[in-house]
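Dropping a structure here in structure tokens format, bear with me for questions.
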Amino acid sequence: MPETLVFYLLSGIAIVASALVIGQRNPMYSVLLIIASFGALAGLYIQLDAPFVAVAQIIIYAGAIMVLFLFVVMLLNAPQEDAADWDRTHPLRRPAIARFGSLLALLLVVQLAWALIRAGGLDAPVAAGAGGAEIGSVRALGRVLFTEYVFAFEATSVLILVAMVGAVVLARREGES
Amino acid sequence: MIPLGHYLFVSAVLFAIGTAGVFMRRNLITILLSIEIMLNAVNLTFVAFGRQLGTVDGQIIVFFVMTVAAAEAAVGLAIVIALFRHRESLNPDAFTSLKW
Amino acid sequence: MDLRLLVQLGIIGFTFFMLINASALLVYAERKVMGFMQQRYGPYRVGPHGLLQPLADILKLLMKEELTPKGADRWLFTLAPILAVTAAFAAFATVPFGAETTLFGLLDEPVKLGVSDINVGVLVVFAITSMGVYGIVLAGWSSNSKYSLLGGLRSAAQMISYELSYATALSAVILLAGSLSLRETVDAQAGYWFGFIPRWYVFLQPVGFIIYMIAAVAETNRAPFDFPEAEQELVAGYNTEYSSVRFALFPQAEYINMTTAAAVATDLYLGGWHGPFLPPEYGWIWFLLKVGAILFAYIWVRWTVPRYRYDQLMQFGWKWLFPASVINLIVTAALVLYLNA
Amino acid sequence: MLALIPLFPLLGFLVNASFGRRLSKNLSGSLASAVMVASFVVSVMAVVDLAGLPAGERAIEQTVYTWIASGDFVLDLTFRVDPLAAVMILIVSGIGALIHIYSTAYMHEESDREYARYFSYLNLFAAFMLVLVLGANFLVLFVGWEGVGLCSYLLIGFWFRKKSASDAGKKAFVVNRIGDYAFVLGVLLLFVRFGSLDFQRLAGLVSAMPAEEGVFGVISIATLLLFIGATGKSAQIPLYVWLPDAMEGPTPVSALIHAATMVTAGVYMIGRNAVLFSHAPETMMVVAVIGALTALMAATIGLVQNDIKRVLAYSTVSQLGLMFLAMGVGAFGAGIFHLYTHAFFKALLFLGSGAVIHALHGEQDIRHMGGLKRYLPTTYWTFLIGSLAIAGVPFLSGFFSKDEILYETFHEGHTLLWLMAAVTSLLTATYMFRLVFLTFHGERRHDGAGHLHDAPPAMAIVLVILAVGSALAGYVGIPHALGGHHQLAAWLAPSFQPPGSAEGIEAAAEAPAVELTLMAVSSAIAIGGILLASFIWLRRRELADALSRRFAAIYTLLLNKYFVDEIYDAAVVHPIQHGSERALWRGFDVAVVDGAVNGAGTIVAEGSGLLRRLQTGSVRAYAGSMFIGVIVILGYYLWR
């Protein structure tokens, strides 16, 4: 079944790439790997009959946000994380907490999987619902976005404006007019 | 066809990776990236459920999440730049003066 | 394997081949046009009228030594040109270049001239174009050279800034066509107003077309917006440290990107393969002509207009081009709403 | 409309207290007086309205807002005017206004700030007193009750830089607190028993019950407790000790608070709860006895005091005793009548003494006065009218009211009490004229050089008005025996009846002969007392000294006020002081209270010191704790 194969391939890429993102000391690699992960996710969105989301994922995440990250990494000429520079003055800052954190993350996976198993009814194929063409069309999306969610949409525009102003103010050097 | 549960499981794993990243990395930029991973994991859940239920609402919410993520990245990176100017470091443990 | 699939694969291969050729051809054309503009001949020795000059260039580059600077990030240093050229090729994937055809009766059902046809084609082009920046940025960073790094940074900022105007200008056309599919957009431009003016969107969107062209020049990092590789300032910008094949891939990507931008402009604004005198079967000839004209304009601009200053570029992009494109979009939207209602 | 009556002085207080230091004397003084006049005008309007109602339904109520609403218990901030309250608001606002006007001249030597402070206190006092008399339930009354106590403290200690003044203020406050404590207990007892604090409802509930036998009934105990509160406020045995000391305050304050209004609060309170007290005969007996004893004792002390204001203070205590006697024998109308006339002449006397002190630049000892008649004619004549009135000389106001008390006491069969009251009357006439003769007659013993000026116009006008009042105020209550109708008694009567039982209360005018006889006797007593005084202190000055030498022990006893202050000091104050210092301060406060407080502080500080180690400032540590929380909560819901 090619479809299943593609699914496993894409989710494999997403998971592995994500895992490598947090396994990297070099932020540059992390950014590139996360782009790969997002690309794989975009593929999954296409599989879920959401091509517009997939394209938006590429444009916004890969094309804009990650370029911004990359830009900052380059601008700061960000150093690699130093491995041995553990601050040992505080018990909560020992390396143990990092290991503890990953243990917790593992626990979270177990819990979520458990919750999924308990929930049941998840074996139904995801595309069993209404026709994919309908919900995939940009027209339908736009109609809902600008009617039902119009207030949220407008609020989002304000959010973006605020974020923009905030970013400019924060990143400006003191004394610059 | 792929069951819904598979998507949700992938999403759960991605989310956990994101949380683990927040703890394991000592680089503000990577931590922000980990948060992006978590957001994307949630996005996947939304799209999968939306497909399952045959509505577009899931996708709409994803758009909003993306917008928020963009805003967050902009402000977060601005803060990172400001912090780096002060301390020449991106280690979150270097910025612990806000306590007591 | 049925014939249809074979034909489809043939089209893909043909497109790929044409794009590679296009870059070679563009190198030649650029030098030739430059020569004429500077009142000289340009390449003349290799082949008749120097036609084989690009081939010679390629051979020369292939035979050069592959250098990797000390302290460079080996992986990314190699990955960067590959990414750049891959994105360039991929961007062309959803660009159609001809009407449906049965290849002179060879096929029972007509086949569409184009690599693929999906309903959000414009967005895909846009998405993949926006990925192109990674090649340049990574090249700049991985070279471990200050000129490269500055070139990469400039490129990132410049491309993000002009992407906005680019996308906003495209949105106006999408509104007019009512579709995100490039093929449907082209078909919406068939026919004439008053019997003699072609129904091209360039006549409805003159401002949008100009904005698109300016933004496209910036996106492809060409003069007068060629800051990422400004020789006088940054030696050669992001590709300073490159040599041989890896170096060759960057101009390759740039010329393919130019071609793509020209093709998209043709599809969106100039009616694609629709034109008078020729039957629809031969519409691709119109298409090639239009693309060629736009590419000529590219080269023409490059050798005519001097380079800006970097802050002027950013000011122009954010304070003039982007507001203009937004106003254009709003006016278009209002008119579409008014006329459709 | 009723709310306006206390609201005017309250506004005056707020303005004077807030901006007083920036106002000129004229402005703050006239403002304070103006609000009182306004209050008086509103009071008159209210009383006119009230008089327009039929006799049985005379009550106007205004609920300002619901103060307490707790379950079934609802308590409104309600003002109510009935005949009794009508008399009181007229006295308080009317006399109060006069004293304000008087004060503008009297206090004129104070600085701007002090002047404004004085008037703000005075306004506040008037506001609280009006709240007290207008309150329709015990709690509102208590607000006024406490408020006037506070103002009394502030005004007695007005010259707080003088130690004796601030001490006197504290004494007044503390002694009042003792009474207030009992008062609160009484109120709570009533509330527990009857579930209501409204005067009318209480009266209605109690009137349905038979009169209580013995002193251990709820009503008896409650009324006794209320009476103890009244002894504090109205200066009766055993809590009268603060009033003479209260003379440390400015003289107009003494006139307003310690003669005309505040000290009458206890009398008013008993009158207000006449039905309640009527149902506790034992309490009534106690009230009467205490009243008579206080009257007699204060009169004897007044006989030998040398401070002009102290004499008047003891006179006040004595007259209040007479009022309580009237209340105790059930002659509520007579008690209030005397309260009303007393307000005029005692205010007059205090203000007259104030004029004397003012003229002599603060001299208060009557031994250093004398012969002032010539220099202060207005003061002398008005003071004389006041003295005649208080002595009970026929056809002046004091005659009618005092005579009514004596008659009622005799009529109710309390012959012994009547005798005590009669002796008190005699003594009253004597010591008042001792005062008059020593101050105004004889040779001048004041060595202060310079011109002695009579009262300035603002003071003189007030004195004249009050003198007229002292002379004529009694004519609203001409007894039936003299062919009058006693309008005041008829007017007040409904206030002392349970609500809704207001039949014709035309007093049985039996045996006018007895009343006429008693009247003659008391007139004789008054004139005899005056003659005695003139004999001793005007004709034979040496006789006074001879008498004091002859009865040196008694004289010393009286001069030192029966050593009551000293006894209290030894019996109460000293043990409390020592106990407080040893056991409570060093033992309990330092060890237990401070220990607990400091201990709590130490625990918190140490605990915080431990907990703040969690506050690393590291974002990741915070995120970690949040994450742990998520895991735990999620786990809990999964496990469940």
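As written, the chains take the letters A, B, C and D, and residue 1 is the first residue of each chain.
By definition in this document, a contact is a pair of C-beta atoms (placed from the backbone, for glycine too) under 8 Å apart; a residue touches a chain by one contact, two chains touch by 3 or more.
The model shown is predicted, which means the values in this text are computed figures rather than measured ones.
Colleague: Which one chain sits nearest the middle, judging by mean Cα positions?
Modeller: Here the chain at the core of the arrangement is B.
Colleague: Suppose each chain is reduced to the average of its Cα coordinates; what separation in Å results between subunit B and subunit D?
Modeller: Taking the average C-alpha coordinate of subunit B and of subunit D, the gap between them is 77 Å.
Colleague: Centre to centre, by mean C-alpha position, how many angstrom separate subunit A and subunit D?
Modeller: Those two chain centres are 81 Å apart.
Colleague: Distance from the CA centroid of subunit B to that of subunit C, rounded to the nearest Å?
Modeller: Those two chain centres are 33 Å apart.
Colleague: What is the distance in Å between the mean C-alpha positions of subunit A and subunit B?
Modeller: 5
Colleague: Give me the residues of subunit D that touch two or more other chains.
Modeller: Correct list: 616, 618, 620, 624, 627.
Colleague: Touching at least two other chains at once: which residues of subunit B meet that condition?
Modeller: Only 19, 22-23, 93 qualify.
Colleague: Run through the chains and report each pair that touches.
Modeller: Chains touch in the following pairs: A-B, A-C, A-D, B-D.
Colleague: In the complex formed with subunit A, which residues of subunit B make contact?
Modeller: So the residues of subunit B touching subunit A come out as 1-10, 12-27, 29-30, 32-34, 36-37, 40, 43-44, 47-48, 50-57, 59-60, 62-64, 66-75, 77-82, 84-85, 90-91, 93.
Colleague: Okay, in this complex, where on subunit A does subunit B touch?
Modeller: Spelled out, the residues of subunit A in touch with subunit B are 3-4, 7, 11, 14-15, 18-19, 21-22, 24-25, 27, 30-31, 34, 37-38, 41, 44-45, 47-50, 52-53, 56-57, 60-61, 64-65, 68-69, 72-73, 75-76, 78-79, 81-82, 85, 87, 93, 97-98, 100-102, 104-106, 108-109, 112-113, 116, 122-132, 134-135, 140-141, 144-145, 148-149, 152, 156, 159-160, 162-164, 166-171, 173.
Colleague: Which residues of subunit D touch subunit B in the complex?
Modeller: By the definition above, subunit D touches subunit B via 612, 615-620, 623-624, 627.
Colleague: Over in the complex, which subunit A residues touch subunit C? Could you list them?
Modeller: Per the touch definition, subunit A meets subunit C at residues 28, 32, 35, 51-52, 55-56, 58-59, 62-64, 67-68, 70-71, 73-75, 77, 137-138.
Colleague: Which part of subunit C faces subunit A closely enough to touch in the complex?
Modeller: 73, 76, 118-120, 123-124, 126-128, 130-131, 133-134, 137-138, 140-141, 149, 152-153, 156-157, 159-160, 163, 167, 180
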